[in-house]
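Both complexes shown next keep chain A, but they swap its partner, so chain B is in the first and chain C is in the second.
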Partner chain A sequence: MTGTALKRIAPQLLALAALVGLVSLFYPGFLSVSVNDGRLVGPAIDVLKRSAPVAILAVGMTLVIATRGIDLSVGATMAICGAVAAYAVSAGTGLPVALALAIGAGLLAGLWNGVLVALVGVQPFVATLILMTAGRGIAQLITEGRILTFTDPAFAFVGSGTLWGLPFPAWLWLALAVLTALVMRRTALGMLVESIGINRRASALAGVNAVVLLIAVYMAMGFCAALAGLVVTADIRGADANNAGLWLELDAILAVVIGGNSLLGGRFSIAASVIGALIIQTITIGIRLAGFPSEYNLVIKAVLVVVILVLQSPRIAAEWRYWRDEARRKREAEGKGTP
Partner chain B sequence: MNTRTLPLFVTIGIFLAGCLICWVQFPNMASTRVLGNLLTDNAYLGIVAVGMTLVILSGGIDLSVGSVIAFSGVFIAVMLRDTGLHPLPVFALLLGLTTAYGACMGWLIDRLAMPAFIVTLAGMFLARGAAYLLSIDSVPIAHPFYQTLQNAYWLMPGKGRLTLIGVLMLLTFVLGMIVAHRTRFGTSVYALGGGEQTARLMGVRQGRTTVLVYAFSGLMAGLSGIVFSIYTGSGYSLATVGTELTAIAAVVIGGTLLSGGAGYVFGTLVGVLTMGLIQTYIVFDGTLSSWWTKIVIGLLLLVFILLQKGLLHLSETRLAARDA
Partner chain C sequence: MMFKTLMLTTAAFAVSAGMALADGKVIGFSQIGSESGWRAAETTLTKKQAEERGYQLQFSDAQQKQENQIAAMRSFIAQGVDAILIAPVVATGWDAVLQEAKEAEIPVVLLDRMVDSDPSLYLTAVGSNLVHEGEVAGQWLAATVGDKDCRIVELQGTTGSSPAIDRKTGFEKGIAGHDNLKIVQSQTGDFTRSLGKEVMESFLQAENGGKDICALYAHNDDMAVGAIQAIKEAGLKPGQDILVVSIDAVPDIFKAMADGEANATVELTPNMAGPAFDALEAFWANGTEPPKFIQTESKLYTQADDPAGQYEARKDLGY
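And then the complex of A and B:
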């Protein structure tokens, strides 16, 4: 079992290792870690911390994509949840209430998307576009167009605190990924999610309650978006409705796709997606450390997407098989021709 | 009642109702000045929405247009600053470049048989990245020809200014209507959006149509970039973030089916004007904040998507009833 799991994430691990090697070539101190004030410090630790928002989103996005869906609204949901938390904290409700309100807002956003997709039957891409457009407006309504800042040290801990030597956001995404993977793989839940993505009608006929499960998956995505929003908001100690989570939906989708999960739904691997998030962050930080201007970032991401698309493409795969078979047939014919 | 034209009539109805509400509350809004500004301010959006309409009619989506507009602005600004070229050859070069860019994306979508939104997502990253590589800072355009373009307007009765870029947008819509409704290519686009299998059986050349439709969208995005650079008088790589979504929203509010195959280019014009009207209303009101624009546009999107869903359901049950 562990052997097959390892085989599944091997390409991603190799890519990450190659990338780390490449960055180390330009910046030899990349993997060096020192202990400072009881916490680990170093570029690699920075990668672990900074990849938190995308990694958290990637966990939820993996499930959504496994059901053959997509959620474009996660960036806007992050902004809403961050705004709710910052508003509640600065209104003096205390941290637990603020966190509960923010997570509640995320679940509500997920419920909205899920109902549109599962009950109304709108294409996921279109359904989540609504919240993507309106969501930032709602977040700005909460912050009244300002950047809501706060000074609550307990909330700031979520974004920049240290626990057992590692940054708290790193623990958060690690725990979330492990828990979700356990829940999905130790129960039949993961298989049911995959069955919806492969053929929703067939799985519904086989007795899977596709409607409830789809709504639950989108709500899980909303929950992840809320966590990511909390991390980002706590990190800068302020809720920025315009820029919090901007374009992160694309990074999250990219992480899932790098993780080798098909956009056409079906089998998924949360571990691979999370490694995908690490790869993205390593590229981002690596470019900066290697001394290149950060403008290269987007170009490299674009090239990466195209390469993965070529690898995933059903048509290219079919043609490749055709040429391989042709070549083999030719070789066999030649073999027969020269006895 | 034809279910195909109903969304268009709903769109026009909402726009007229919106005009009426605005006029009742602010009688001053019914002036040619407001009309002139409405056309000028939304010129770049309207032009790019024409391309988006054709892409959506073909059953695809183009997420790269916002980045292509930004790239166009930076490209023009940098070319004018660093070379002694006249703007006109630069425009021609740019339009060729963006058309080829769109064609490349169309080719990839067809060859890879992958969802259009992920391919154009890569295109979005690439165009934005290319714009960054040219310049991170905002580059002003100081060519005298630009001043001429910016000051070219026709004074309507009532002192409203019908600017060159406003007229250009209207001409683009006419062009879009001719291409979509009066050419063989337009018919192929509709057929492709109605269903790939059926279109192929009908003899539509799928690959060629896909490449051409994204090339057309690229051309429109380039033209929109030129208009935007005239409008702002500069090129900035961070400009027009999210314009692709505004354009998609305009197309949907204009009554085009997001799954493709049904809709009108004229509806998109009404959609763009409706969104402009909301913005104008918020400006006139003065107390409402600009973020209400996003919320109202989101609500309109919801209404139209639900309407489309209902109509689809209606026509399906009607078909089923006829078969029975």
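And then the complex of A and C:
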């Protein structure tokens, strides 16, 4: 079990290791970690912390994509949930109520998407595009177009607090990923999700309640978006409806793809997706530390992503296997020739 | 129904015309929309300025569409207003409607953005000089640091945007000739708080935990506010260990300055209407032609300029 799981995420781990090596060439102290006031400090710790929004989204996005769906609205949902939480906290509701309201808003957004996809039958791309467009407007209505700031230290902890030496957001995404993977793999749930992605009709005929399961998956995505929205809002102690989560849906999808999951649904690995998120953040922070001019950032990021994806592609893998076997055959033939 | 609407509109026009006669000039103002806090503040201040001077302001929100602005201008011309203020959403395509305004002898003043039409078609344009803003920030830093060596980190605006390019150029001009001042890190923070914080974290890592950084220059206040949080979380004191200077003068930076966490900001004033009305008054009084471009003041605010009071004065402008 662990052997096959490790084999599944091996390409992503290798890519991450290679990337860390590459960044270390340009910035030798990349892996150095020091202790400052009882918390770990270093670029690698920043990567763990800054990966949080995309990693959290990637957990939900992996499930959605496994059902052969996609959710483009998560960035906008993040903005809504952040705005709801900041509004509630500054209105003096207290943190638990604010968090509950924000998560409720995320679940509601997920329910909306899920109903459109599973019951109405709108294609996921189009269904979630609606909320992607409208969502940011809703968030702006809540914040009245300005950055809604708050001072509640307990809420700020969600974004920038430290727990047992590590940043709280890092614990949050680690816990979410581990829990989700356990629930999916220790029960039949993961397999049922995959079966919808491979053939919804067949799985429905086989007795899977595809409608309920699909809605549940989109609601889980909404929950993840709410958590990510809380992290980014708490981080800057303010809800920025214009920019919170902007384009993060694309980074989340990219993380899932780097994680080797097919956009056509079916088999999925949550571990690989969150490593994908780590890879993206390592690239981003690596470019900054290396000190390239801003104009190069996006180009370098794109080139690295292309290289990683090409190296992971099944065709390249098959080609490589072919040449390896060929070389082995040649060696064996030569070995026979000279006894 | 149709008739009723017509009647109401006519009545409204009659009322506004009546008021105009009583109160003096009628000004038409075509605003782009309300896409940013700054824009909202500009609208608020324009209305306030008009009220103070006893003008009747006809306000039209174009919601980011040029056709709405052109329609608004035509209706202002049809009403025969005394002057038109316009913040053009794009630079091109204004020749025809500006010509119509000129033929109707209505002076047009452009606010904060330019058009590519012939300057004879409008009275004047009021705007800020982005390069100059950066220069003011740079000069302040050079004067504050004195002869000490100073390693500066820079948070740029959106890569390739004209404020980012101009504010960078201006700052470099401002510190030119001071060899002890050096920009050692420069990255984009996309004008946002969250990226300002995130990129500042990397700067702090790259510069020995921030101990080597003497000053931060951010292309807007929002990024500076984010970066201030990163500096605090790294265990340093923003405003003391690392000097913070930025541009825009939004309310939140005054809060930070009142707390001693930011040092200076250069104002991009949302009061473009003030200079515009001054120019119009001179023009109406004796036909004085103002220069074709009126540059607004890029005023520097430091901790000595009552930041708490500035915050109070600005927080309700709609930023």
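As a working rule, the second predicted complex is superposed on the first by the 296 of 339 C-alpha atoms of A that agree within 3 Å, B and C clash if a C-alpha of one lies under 4 Å from a C-alpha of the other, contacts with A are read in each partner's own complex, and residues count from 1 in each chain.
In this section, contacts are C-beta pairs under 8 Å (C-beta built on N, C-alpha and C of every residue); 3 or more make two chains touch, one makes a residue touch a chain.
Here the structure is a predicted model, which is why all the values come from computation and not from measurement.
Chemist: If we overlay the two complexes on their shared chain A, which of chain B and chain C does A:N209 touch? Say first, second, both or neither.
Modeler: neither
Chemist: Which partner does A:N243 contact after superposing on A: first (chain B), second (chain C), both, neither?
Modeler: Once the two structures are laid over each other on A, A:N243 reaches chain C alone.
Chemist: Touch test for A:Y27: chain B only (first), chain C only (second), both, or neither?
Modeler: second
Chemist: With both complexes overlaid on chain A, does A:Q123 touch chain B (first), chain C (second), both or neither?
Modeler: In the superposition, A:Q123 contacts chain B only.
Chemist: Just to be sure I read the superposition right, which of the two partners does A:N297 touch: chain B = first, chain C = second, or both, or neither?
Modeler: both
Chemist: Looking at A:T187 after the superposition, I want to know if it touches chain B, chain C, both of them or none. Which is it: first, second, both, neither?
Modeler: Once the two structures are laid over each other on A, A:T187 reaches no partner at all.
Chemist: Which chain A residues contact chain B in one complex and chain C in the other?
Modeler: Common interface on chain A, chain B vs chain C: 145, 295, 297.
Chemist: Flag every residue of chain B that touches chain A in the complex, lowest number first.
Modeler: Going by the criterion above, the answer is residues 61, 108, 111-115, 117-119, 121-126, 128-130, 132-133, 136, 241, 245, 248-249, 258-259, 289-295, 297-299, 301-302, 305-306, 309.
Chemist: Which part of chain A faces chain B closely enough to touch in the complex?
Modeler: 70, 120-123, 125-127, 129-138, 140-141, 144-145, 241, 246, 250, 253, 257, 263, 295-303, 305-306, 309-310, 312-316
Chemist: Given the complex with chain A, which residues does chain C contribute to the contact?
Modeler: Chain C residues touching chain A: 34, 36-37, 40, 156, 159-160, 185-188, 190, 192-194, 197-199, 201-203, 205-206, 209, 222, 225-226, 229, 233-235, 252, 318-319.
Chemist: Could you pull out which chain A residues touch chain C in their complex?
Modeler: 27, 29, 34, 36-37, 41-43, 46, 50, 145-147, 149, 160, 232, 235-238, 240, 242-244, 285, 288-289, 291, 293-295, 297
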